[in-house]
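Written out below as structure tokens is the structure these notes cover.
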């Protein structure tokens, strides 16, 4: 049984944004030497997501608009009680629940076993600071 | 360590729909011979979901209505920028994020280790074409 | 290869609530003796969630308000068809899809490989009865 754990660090210059991290995950899978197994990829911070969807800038714009409608930013502690802690990022904790914390991807014959359009993204909802993503490969 | 990877293909005759795929997943688990392990089951397309909930047609009606309210279909590229690519399925990419891409299920004593009502569904949000689901069993 | 499966039981005295189950998951990981691997933690009931976020009571209040807005309780079977079965918990099946069924967490050097604020929660959306959570450790 083989394992490999790696950590990526991201610091987005904006509050919200999406980064394609598929090449980094592929590299870790190659490095692990695992031919058959699973790779877990998760945000280590609770105002960020890892998710799989399309690498299309129009869609990313749509996600941003849509999440803002479902869970609007509002620093007012009367609106979000979480912001009584001195934070202003309650909305980011909600947005992350819709987009998810993690993905688990099959590794088959040494490759990410993906459909034609699947790409892995880091989703940031409270940026401007360094945050980590964990990649854990397990298999044989 | 044992592995088995299988692919299911679905072609729904409607835009939105839900199919219970639990029997197919159980079959793959049996075929794998794995007694203790995990099974990953994911949509390989980014306008579809795999999720676990109740096999109850009223609930599926409610999911459809609810998702339409949270992420309404709209082909207009002024509403969803993704539709500027010539697609009309931006809403399906949003709906899939709420319902999720994948499930990971425990295998205990050779069976899906499920609560009383847990059933695995394929959720389609942009049907009328063939799409795949991946099933990967890992364990011993 | 090592495995361990354990079940937790929760009976919340309210319809909606959140319980930090990180200590229980840590205990199962220790007991398993797994140094490198994965732990799956999922609700076994389809009106409950397991998710990872912040242990902050203001945020939990915000989740409750927000979910009620996105998927309001309504016992009327004309509103939710699921409630034609005699149930009144259709809203709970919707809320659970937003918060998710499961988490998969990396185990590294015998510990949950967590970011600074990650904590595992059981989320209840139709309480006042006993419900189970499954914990499955797999690794070496």
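Going in written order, the chains are labelled A, B and C, and every chain counts its residues from 1.
Keep this in mind: a residue touches a chain if its C-beta (ideal position, glycine included) is under 8 Å from a C-beta of that chain, and two chains touch if they have at least 3 such contacts.
On a predicted model such as this, the values are computed, not experimentally measured, just so you know.
When the CA atoms of chain B are superposed on chain C, the rotation angle comes to 120 degrees, reported as a multiple of 5.
Two copies of one chain, chain A and chain C, form a contact in which under half of the residue numbers belong to both partners. Annotation: 20 Å between the Cα-based centres of chain A and chain C. Annotation for chain C: residues touching 2 or more other chains are 1, 38, 70, 98, 100, 104, 138. Residues 1, 36-38, 51-54, 56-59, 61-63, 66, 70, 98-100, 103-106, 108, 113-118, 138-140 of chain B touch chain C in their complex.
Of all residues in chain C, those touching chain B in their complex are 1, 3, 5, 38, 40, 42-46, 70-71, 80-85, 90, 93-94, 96-98, 100-102, 104, 131-132, 134, 136, 138.
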